[in-house]
Amino acid sequence: MINGAMTSGTLALLALGFTLIYGVADVVNMSHGALYMLGAYLFFVFTTIFPIDLLLAFVLAVVLTGIIGATIYRLAIHPVVDDLLASLVITVGVTIIIQELTIISFGSYRRPVPSFAQGFLTLAGVKVPNATFLAFVVSLILFGGLWTFLAKVKIGKAMRAVAQDHEVAMLMGINTERLYMLTMGISATLAALAGVLITASTTRLAYPHMWDTPLYLSFSIVILGGLGSVKGTLVGALIVGYAEEIFVTLSSLYLPGGGFLKGVVAMAIMMTVLILRPKGLFGKRIEMEE
Amino acid sequence: MEEIQKEEGLIMHLLEVENLTKRFGGLVAVDNVSFHVDEGEVVGLIGPNGAGKTTLFNLISGFIKPDSGTVKFKGENIVGLAPHKIVNMGIARTFQVVRPFRHLPVIANVIVSLKSPRGNRKIEWLKTPERKALDMLEDVGLTELMLEPAENVGHGDLKRLEMARALATEPDVLLLDEPFGGLNPLETDFLMKSIQRVHLDEPTRGIVIVEHKLYALMRIVKKVIVFHFGAKIAEGTPEEIAKNKKVIEVYMGEV
Amino acid sequence: MVTTYLRRAYTSFLAHVVDIPPRLLALLLFLILLVFPVTNPTFSFMLLLSLANLSAIFAASWDLQVGRTGLMSLGHALFFGIGGYGAAMLIVFWGFPSWAAIASSALIGALAALAIGYPCLRVKGPYLSLVTMALPLIATGVVFYFKDVTGGEKGLFGWPRLFPFLPYAQQFLAEYYFTLLLLFACGIALYKTANSGTGIVFISILDDEVASKACGINTTRYKLMSFSISAFFATLAGAVWVHLLSAANISLLTLTTSFLPIIATIWGGIGTIYGPIAAAYILQVLDRYVLNEVFPIETHWHMIIFLVVVIIVIIFWGRGLARFVTDKLDDLSEERNLDERGPHIWKKYKKKKA
């Protein structure tokens, strides 16, 4: 039970990145999962290949991914920002490129990722690994920080303005191109954060195909909570986090060897939601398509 | 007399809208609207912008479901049916903002309608779909552009294409949503004549036209219904409506 | 009598093929491919070309779905996999002879498309893309879970090739011609479908589904039709594929496999049908030969290079994705040439004009 809440925290962060770039720039970023993976791999590189202090590695991995994300945006996405189909193809293409680069650099087998912290602590009678708890706390702090940023800081408010109405924002002098780049950078940073936090605490593994689960998780959380809604993201994350936890527990009891099906949960949730409600749970109920 | 006949269920109108209501959030777009269209009637729906006329069309043609009320077509309630089914039953509509199939040539746009079960059935067995489509284009004067991709065609011609496409399904009720929108006087005149010809070709067909250009509309319709804020506020002949005080108030400033 | 027929066939040929440049080019390429074996290529090269033929069918089938109906599916590999695994399982576990297995898988694929499409096609736009992207992954999960039936990671293998009665050397030749003719047949079938009355309805759905409904079209039925036809050919390609390689494994279901037709389509021109065929061919030759033996580059770089090209094409000619479609539709308007159906009508109209 507690574990469910722990994972939800980080998932919320991940999904927030996804919904941010969609809300602000109307971009469905299929490479969000790949950026998560990139963060994890960079952390791996910085801690294993150049042994650096864990914290420094963490910061470096995350920031570097953020910069890479913004660059990807500027080079590959911005030119087609208004063409949904094209941006879909391009972002999936980016995902595959990142995947292949990862295979070339590190091989297709799994790489171990060091943990933040050793040991366990007990919360409400449940043993929780320190690392997971730490990840949870960090996620909460960052989530809160981002919330304040969007609410109070000028740039954050600009983002919200653009999310609401692009043209009006442009008329008011907001440089949408740069803003989108920044948003993408933040989005990528969030993805990387989730990537490092989760791999360094729970899974402890990095492999080149690990981008799919985060992508599906992000999508399903965001669809559950409504694209573009921060509050919804939190709710969605909680639901998905718990659902996954429940499924994992159940499956380990009833389906031996079905562990890899875990990623399927996210997909299943997402597909069911989409099929039953083609516009998402809290999405706008437009009955006649424009 | 009509009331008695109606109560005894003797009169069946071609199209009957009863107590139709639709809300979007807090806004009432269509407010308890009732009216009917009989065979051969050409009816105009007028009213200031935002009066709910297009929503009404969307409700009748099945693209939106009403919150309450019924739409009876030849006595049968069609609320809840899928839009394409309603078309195949005999109600066709055009769109206020033209929706051509951009990549298809003009003639193919019409052929799409002819591929529907209703459009297909009505082809006299000697005629090919292309011939039938050509006929429809002749009726609206678009034959010269027939092979032109719709995206290269001008607005006025697209409006006529909309009508040709709707007519290709041989509807019993034709709903035209602002057919004169954006047309210059020459095009308006031509379209007026086209609509009159359409009416004469098929005298049992009911035509409902939503329009703002009153000088064009008033000349071709027999009955006018006026809407304001989603509700019907007046009904009568064009002459009666022109003199109606309430209508004049509502339209103050508009011609 | 015979001469009149021949003359008519000849004029028809002129009008339908020679006058339309892309078709003429396609015909020339086909003829070149037909006589290619005279150059005495190696077995592996012939195998490569046979595989390329199948890949082209796979790509063209996707083009019908996306370029003509607007169903942007990112999981087309699903059907390739159904074809491959289906045929393999039919042979290994039920003892089907090769040809029966291939035919059955294709039908299974088409039916599966109807079943899968019914819930999935209700979903629009990017959501459809995501849902379809997830399908092959789910299939991969299923493959791994039912290891005993599907061979898990190793996959299934060990069945005879398509023409076991021929001597070894001739088998590759036979496979080459078989796949080439298959490509020709499927290509024409897809092209004709795309340019038929049904194809016109497909395009109407692509352009404006709401307007299409307003024309009385049951768009759901047509979308399912398009999806199913597309799946049929993709499954067919997959089923033959595993016969050429005598192996079926999860490489059939990867995202990379799903992406091959996407790359081919963008390189070749979305919606044209023949564009992706040519591009898929080039893609396979590049991937397996040019970048393997002529300029050896490590396999994983291939995909990266292809994708970078795709991204560049989209960015610079992305607006022209629509242009490709328009170009293709110029062909369409020429084809729907009224001369075909009613030469008298055309003349009558011309007279009226005068």
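The letters A, B and C name the chains in turn, as written, and every chain counts its residues from 1.
Throughout what follows, a contact is a pair of C-beta atoms (placed from the backbone, for glycine too) under 8 Å apart; a residue touches a chain by one contact, two chains touch by 3 or more.
Just so it is clear, the structure is predicted and the values come from calculations on it, not from any experiment.
K.L.:
If you average the Cα atoms of each chain, whose average lands nearest the overall Cα average?
P.N.:
Of the chains present, the most centrally placed is C.
K.L.:
Going by average Cα coordinates, which chain is farthest removed from chain B?
P.N.:
Taking each chain's C-alpha mean as its centre, the farthest from chain B is A.
K.L.:
In angstrom, rounded to a whole number, how far apart do the mean CA points of chain B and chain C lie?
P.N.:
Spacing between the chain centres: roughly 42 Å.
K.L.:
Determine the centre-to-centre distance between chain A and chain C, using the mean Cα coordinates as centres, and give it in whole Å.
P.N.:
About 35 Å separates the centre of chain A from that of chain C.
K.L.:
Distance-wise, how many Å sit between the C-alpha centres of chain A and chain B, to the nearest whole number?
P.N.:
49
K.L.:
Counting only residues that touch at least 2 other chains, which ones in chain C make the list?
P.N.:
210
K.L.:
What residues in chain B touch two or more of the other chains?
P.N.:
Within chain B, the residues that touch at least two other chains are 63.
K.L.:
If I count partner chains per residue in chain A, which residues reach a count of at least 2?
P.N.:
Within chain A, residues 288 contact more than one other chain.
K.L.:
What residues of chain B sit close enough to touch chain C in their complex?
P.N.:
Going by the criterion above, the answer is residues 61, 63, 82-84, 87-88, 92-93, 95, 99-105, 107-109, 111-113, 115-119, 128-131, 134, 143, 147, 149, 151, 165-166, 168-169.
K.L.:
Looking at the complex, which residues from chain A come into contact with chain C?
P.N.:
Residue positions touching the partner: 28, 30, 76, 79-80, 83-86, 88-90, 92-97, 100-101, 103-104, 212, 216, 219, 223, 257-258, 260-261, 263-264, 267, 270-271, 274-275, 278-280, 288-289.
K.L.:
Can you list the chain C residues touching chain A in their complex?
P.N.:
72, 74, 119-120, 122-127, 129-131, 133-134, 137-138, 141, 144-145, 209-210, 255-256, 259, 262, 266, 298, 300-301, 303-304, 307-308, 310-311, 314-315, 318-319, 321
K.L.:
Could you list, by residue number, the parts of chain C that touch chain B in their complex?
P.N.:
Per the touch definition, chain C meets chain B at residues 197-198, 200-201, 203-204, 206-208, 210-219, 322, 325-326, 329-330, 332-333, 336, 338, 341-342, 345, 349.
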